[in-house]
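Have a look at these structures, which come just after this line.
Look for chain A in each of the two complexes below; its partner is chain B in the first and chain C in the second.
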Partner chain A sequence: MWDTKVAPRKLKKQFPNAVLETLSFRGEETVQVKREEILPICQYLASDPDLSFDFLTDICGVDYPDNEKRFEVVYHLYSMRRKTRLRLKTVVGEEESLSTVESVWKAATWFEREAYDMFGLSFDGHHDLRRLLTWDGYQGHPLRKDFPVRGEDFDRYEMPAEPLDAFSIMPEEDADERQMVLNMGPQHPATHGVLRLVLKLDGEVITDAVPYVGHLHRGVEKLAEGMSYTQAITLTDRLDYTAGICNNMSYCLAVEKLLDVEVPKRAQYIRVIMAELQRIAAHLLWLATHALDMGAMTVLFYCFRDRETVIDILEDITGARLTPSFLRIGGLAADLPEGIDKKITAFLDDFPRLIKEYETLLTKNIIWLKRTKGVGVISPQEAINWGLTGPVIRGSGVKWDIRKAIPYSSYDDFQFVIPTGENGDVYDRYLVRLEEMRQSARIVRQALKKLPKGRIRTRDPRVTPPAKADVEKEIHALIRHFKVMSEGVSPPPGEVYCSIENPKGELGWYLVSDGTSKPYRYRVHTPSFVNVAALPEMIKGHLVADVVAVIGSIDIVLGEIDR
Partner chain B sequence: MELVYFLIETIVKVGLVFGVLMGCVAYLTLAERKILGRIQVRYGPNRVWPFGLGQPIADGIKAFFKEDVIPAKADKPLFVIAPMISITAAISLFAVIPFGGVIEFFGREVSLVIAKLDIGLLYVFAIASLGEYGVVLGGWSSYNKYGLMGALRAAAQMISYELALALSVMGVLMIAGTLNLVEIVQQQAGWHWNAFYHFQFFPFIFYLICGLAEINRTPFDMPEAEAELACGFNIEYSSMKFALFFMAEYAHLVAVCAIATTLFLGGWDGPFNLPPYLSWIWFVAKTGILVYFFIWQRGTFPRLRYDQIMRFGWKFLLPLTLANIFGTGLYMVLTG
Partner chain C sequence: MVISLLTGIWWFIRGIGLLVASVFALLKGLRLTFTKFFSRPVTIQYPEKKREVSPRWRGIHYFERDCVACGLCVAICPSQCIRLVAVEQDDGERYPETYEINTVRCIYCGMCAEACPVNAIKLGRNYEFVDYQREALVLDKERLLANAPEEV
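== the complex of A and B ==
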C-alpha cells in the first residue's frame, strides 16, 4: 500500500514557499497552496513519475463569505498508478482570479466552467469560459452563500430587450463556408433527455460540436445546503434516476466517512446486493435505449421485460421502483423481506440465458459491428486526461474500477473481474457493459451465499435512534430519539470525498461539515458530467448517425449532468 | 359497343384493385404491429374490436380529424403535392401487375390485370422512381434541416439502389425476352419459376435487398432514421398528409413484393392448378409471404449508416448484379 503522506511531503519539499499547510482528516490528505502557484504545482503533480496524479477527479468551489478571501477552490486528484487521492486547496478573493489547469488535464475545462458559473470564479487562460448549467445572461452565481433560495427574495426578472442568440457560439451557416449548423436537442429522441448539441456539418460529416447542458438544472447542491444530512438522501436518487440505490449508497458512505461510523457487515452485504442488482437494471436500460437508437427495436422490449424483474425485486425490498431512498446513514431502512433470496436466485439462474438472447441479436450481427466498430474511439491516455470514468474508460482499456481500486462496503470479500476493451470504441464499451452485468450477477450470488446475520444499522448513538420499546420506558431514550429525529446527525467539522463505482462511472460526494446538522457544501461529482464533456472529441469527423451511437455508448443521464 | 364493355371492365377492375389494395394497406399496418408485437414479447393493438381489428379504422378517423399544420416558411404547393405524388405513384404500380389468369365472364374473356402493357416493367421502374420525388420534395419543401437531410439521403439512396434494382431483374428480362409482365408470368407456368428454374435465385435476393432500400425500411430507412433525424423527410407533416406518406410506404411495400412474385416466383402459378378464377390465391399467398419477410426483418436488424448503405449499393450490389447479367448470358448461350 502506497503511503498517502508521501505526496504532501514531496510537494512541500519541491515548493517550500507555495505550500501553506498540509492536513490529514479521515485518511485523506489535503494540501493548502498559494493561488499563484497552482499551475506549476499541478504540472509537477501530474508529470512527476513517482506521484503521477494523472487523473483529475473534480474541481469545485466553496464559499466562505466571512473570510477575508472568500472562495476556496478544491482540486481532487487521483493517481492511477498509486491508487491514491490528493486534495489541493487554494484561497481566492472575490476580485481575484487563478490560472486554469486545462493544459494539465482536459477534464478541467468543464469543471472550471461550472465553478465560474456557480461561484463567479474566473480562470485565466481558459479557452472557453462560459456559463455551463445556467444560461448566458443569467444574473448571479447560485452556489454563493448570499444567493437567495426562496423565490420572493429575488429581484424581478426582466426579459432582455434583445433576445439571446441561441447560436451565440456557433453562428448560423456562413454562405462561403458551405457548412450547415444543425441543432440536435434538447427535444430529440436520441439525446437521452434534454441534452442539446449544436453540430456543424460538412455534408453529413461533423466538423464541430458544442454540447449545451443544464436544461434540467434543479440546484441540488444548493438545495442540500438547507437540508439535514438524512433529508439530503432523497436528493440523491434523482441524480442518476436509473440507479437510485447506488446513488444512495455513495452519499451514505460519504456521510459515514465524515462521521467515522462503522456499518454492520450484514447491511454492507445487503447494500452490495441491491447496488449490483441496480447496476444490472441500469445496464439493461442502457442496452435497450442504445440498441433502439441504432434501429434494433426488438432488444428494447427484451431488456425492459428483464429489467422489470429486477425492479420488482428491488420494489419488494425497498417499496419503491425508481427512487427508493432506502439507505440510511449507518445502515438500511429495513432488513430483506422473507423469501426474497429465492426470487433473486431465480432471476440469477435465468440471467445468462437472457444475456445470450440479446447477444444473438447484436454481438455478431454484421450491421451492429459496422455501426459500432471504430466509432467514437478514445485512446487510454486521452480517456485519463479527460477524466472519463466507468465503462467508458474501461472500454479504452484502462483497468480502473473503484470497487477494486479503493474497495468500499466489503467489495474486497467478493470475486469478480474488471472487463476491459481494447480499442475504446462503441463496440468495446458495449462488450464491457455486457460483461459487467454478468460479473454483477456473480457478485450478487456470492453476497447472498455469504450473507451474515446481525444488525442492519449501526449501534452508534449519534445516527441510530433507540428502539421503540426503550423510548416508551426510558426518558433518556426518548430524549435521544427526539434529538436524532428532529436535529439529525451533526458530523464534526471537516471534509471528506468518497466515491463509488456507479453503473455509469465514478459517483462521488465532497462533503464539507461545519459541525452543524446541515452540510456546508454538498458537492456531487457525477460520471455523466465528465463523460459528456468528452463527447465532441469522440464525434468529430464522424457522421450524424454516429452521434447517436456515441451518446448511447457513453450512457448519459441528464439528471446527474445538470443536477 | 366493344368500347363500352372495355371501359366497364377496366373501371370495375380498377375499382376492385384499388379497394383491395387500400384494404390491404390498412390492415397491413395492423399486421405489422401485431407481428412485431409477437416478435417483441408484447401484444400489439388489441383494444378496438376483437384482436384490434378496428384499429386501422380508428387510426384513419384520428388522422382525418387531426389539425393539419403547414410550417409558415414551407413551400406550400410542393408541401401539399409531395404526399400526393408518393401515394399516386405507389398505387399506379398495380396497373400492370397481373394477379391471375384469364377468366370467362358473361362470355367475355377477362384477364386479371388492369393493363396488359408491352413495356410493363419499364413502366414499373419509371413510376417507382417517381414515388421517391414525393419523399425528396416533401423533405425539401418543409423548411426543416432534418427534413432536408432526409430528402438528400432519399435522393442519394434512390439513385444508388434504383440502378442495382433495375440491373437485378435484367437476368429475368434476358430469359423472358419481353417486358410484358403477363407474358413473363406465362413463361414461368408449370414450376418454371425464374428464381429456381433459371438460376435467378441470387438476383432475387438482390432484388429484395434493393426493394428494402427502395421503400425505405429498416435497415435502409435512411430518409426517416428516427433516432438521428427524428423522422427525417416527414418531420413536419401531420394529419392526413402524414397518413398519405404512411399509406404510400405500405402500398409500395406490397407493390415491391408483388413485382418480386411476378418476376421471380411465377406470379399466379402454383404447386397445383386452381381454376382460373381462383388463380389469384397463389399470387396473394406468395406476395403475403414476402410481405411477412419484410416485416420480420424489421424486428431483427439494426439500422445501417448512410455511408455504409452507399458503399454497399455501389461496391457490392452493383458489381454483383452486373456479374449476374454476364452469368445469365453465359447460361443462355450454353443451354441454348
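== the complex of A and C ==
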C-alpha cells in the first residue's frame, strides 16, 4: 500500500507558505491550507504525475460560528492511481470568498453550488453559482448553525414577489427561430422521481440541458445534527430508498471508524450478505424501470416478481421491506433468523435462470440495441473528471470499485470481479449492472458458506447495550442499558470520511464529532448527486427520447440527490 | 462494375442476415413470454387473500406488559412521537398516566422496543391501520394493551 503521508509531505515542500498544518486521524490525512492558495494547490495535486489526485470526491462546508473565520471548506480528494484519499481544508470568513476549482475537476460545479446554497459560501470564477437544493430567492442558508431546524422557529416566510424563473438562465437573445425550450419533469414518470430538466432543443436535438433538483429536499444533514448517532441511522434508509441496508452500512462504518471499534466477523459477513442481496434488489428495480421507460413492459413484471423474493428475505431478517434501519453501530440489531440460509440459497440457485430471462428479452433485442448503443456516451477521462461513480464510471471502462480499492467489512475475503464496459454508453452500463448482479450472487454464496459463528455486536461497552436477559437481572447491566439507550455514543472529537460501494456508486459519510453524542456535521456524499450533475454532458446532441434512456442508465434516486 | 455488384450482394446478404438474427432474437423473447401464459400467477388478490408477514415484522405497537414509565423509549425515538406523563404512586411504583404513540409520525424503526428495559412496548405484525381522522391514529394506553396479539 502506498504511504498516505507522501502527499502532505510533498505538498508542504511545494507550498511551504500555504500549508498551515497537517494532521492525521484514524489513518486519514488532513492538510490545512491557506484560502488564497487553494486553486494552485488543487492544480498541483491533480496534475502531479506521482500523486495524481484526479478524482474529486466531495466539497462541503462546516460552520463554526464562534470562530473568527466562521466557515471551513473541506475537499475530499482521491487518487485513482494511488488508491488513497486526501482531505484539504481551508477557513473562510463570512465576507470572504475563495476561488473555484471547477477548472480542475468539473465535479466541483455542483458541490460548490451546494455549499453556496447551504452555507452562503461564495466561489470566485464559478460559471453558474446559483442555489441548488433550495429555490432561487430562498432566504437564508440552512446548514448554518444559527438557522432554525423546526417550523415553529421560523419567522413567516414570504415568497419573493417575482420568483426568479428557471428559464432566465437561458437568455432570450440567443434563442433563434429554431430553438425551443422544453420543460421535462418534475412530475414526469421517466425522470425517476422529481427531477426537472429544462431542455433547449433544436428540432428534436438537445443543444443544452439544465437539471433542477431539490424538490425532495428534507434537510437530512441538518436534521441529523439534532439527533444522536444511533437515531440518525433511521435517516439513512430514506436517502437511497432502494438500498436501505447499504445506506445503513455506510453510515455505521463511518461512526465505527470515528469510534475506532471493531465489528465482529460474523456481523461483517451478515452485513455483506444483506448488502449484496440489497444490491441485487436495487439493480432489479433499476432494470425494471429502465426497461419500462423504453417500452419493455414485460421486463418490469419479471423484475418485480424476483425482487419480491429478495425483499422477502430481507423482510425476514430485518422486519421491514424498504426502510430496514437494521444495522447498529458496532454490529446488527439481531442475528439471522432460523432457516433463512435455505431461503437465500434457493433464491441464488434460481437466480442465473432469472437473469437469463431478462437477457432473452433485452440483450439481443434489436429495439433495445437501437435505443441504447452509442447513446449517452461519456469517456473514461471525462467520467473521472466529473467524479462519476458506480456502474456509470465502470461502464466507461474505469475499473474502480470501492469494495476492491479500499475494502471494508471483510470484502477482501471474497472473490469477485469488477465488470467494466468499453464504450461508456447506455448499453454498456446495462451489461455492467447485469454482471454485477451475478457477482453479488457469487459473493452472497461465499459469505453464506464461510459465515463464522460468534457475536453480532462488538463487546465495546460504549456502544453495545447489555443483553436484555441481563438487564432484568443485574443492576449494573440495567444502568449501562439506560446509559447507552438514553445518551447513545459519544465519539472523541475528530473527523472521518468513510464510503462504501452502493448499488449506485460511492456513498460516503463525512462525520465531524465535537465529542458530544450528536454529530457536529453529518455530510452525505451520494452517488446519484454526482451522476446527475453530468447528465447534460451525456445528453447533448441526442434526441429527447434518449434523455429517458440516459436517465435510466445512470439510475438516479432523487431521495439521495436532494437529501 | 463487378466489384460494386459484389458489394451490393454482400450488403444484401448481410442485411438479410441481420434481419433474420434480430427477428430470431425477438421470437425468442416472444417464446419466453408465451410460456408464461401457462405458469401460475405470482400475484395475490390482496383484500381477500393476505400475505403472511415475517415474524420480525415491525407493525403497529402494542403493550406486552405494564410499562414502568422509565422514559427510555421517549428518549430514543428518532421521530419524537411518544408522549409520556409519568406519575409515582404512594407506594413508590411508577406508572404512565398518559402514554401515547402518534403512529402517523412514527417511522416503525423498532428502537423503542429495543430500548424498553421491561419489554413492555412491542411492534406487532398488523400493518392494516387506516382511518379518516388523524386523531384516531394516536394510540393511547388502553388501545396499546388491546392491540396485543391473542396468541401471546
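Just so it is clear, the second predicted complex is superposed on the first by the 549 of 563 C-alpha atoms of A that agree within 3 Å, B and C clash if a C-alpha of one lies under 4 Å from a C-alpha of the other, contacts with A are read in each partner's own complex, and residues count from 1 in each chain.
As a working rule, contacts are C-beta pairs under 8 Å (C-beta built on N, C-alpha and C of every residue); 3 or more make two chains touch, one makes a residue touch a chain.
In this text, all values refer to a predicted model and were calculated from it rather than measured experimentally.
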* Go through the superposed model and pick first if A:471 touches only chain B, second if only chain C, both, or neither. => second
* To do: Tell me which partner A:44 touches in the superposition: chain B (first), chain C (second), both or neither.
  => neither
* Considering only touches as defined above, state whether A:204 meets chain B (first), chain C (second), both or neither. => first
* To do: Quick one: classify A:298 as touching chain B (first), chain C (second), both or neither.
  => both
* To do: Using the touch definition from the top, say if A:486 reaches chain B (first), chain C (second), both or neither.
  => second
* Asked: Just chain B (first), just chain C (second), both, or neither: which does A:325 touch?
  -> second
* Considering only the touch criterion stated at the top, classify A:361 as touching first (chain B), second (chain C), both, or neither. => both
* Asked: Once the shared chain is lined up, is A:315 touching chain B (first), chain C (second), both, or neither of them?
  -> second
* **Overlap of chain C and chain B interfaces on chain A (superposed complexes)** => 298, 305, 361, 365
* Which residues of chain C touch chain A in their complex? -> 21-22, 25-26, 28-29, 32-33, 42, 53-58, 70-72, 75-79, 107-111, 114-115, 117-119, 123
* To do: Provide the residue numbers of chain A that touch chain C in the complex, in ascending order.
  => 227-228, 230-232, 234-235, 298, 305, 308, 312, 315-320, 323, 325, 333-334, 337, 357, 360-361, 364-366, 468, 471-472, 478, 481-482, 485-486
* Contact set on chain B toward chain A in their complex -> 36, 39-42, 145-146, 149, 218-219, 221, 225-230, 298-308
* **Interface residues, chain A side, partner chain B - complex** => 180, 182-183, 188-190, 204, 291-298, 300-302, 305, 361-362, 365, 367-368, 370-371, 543-548
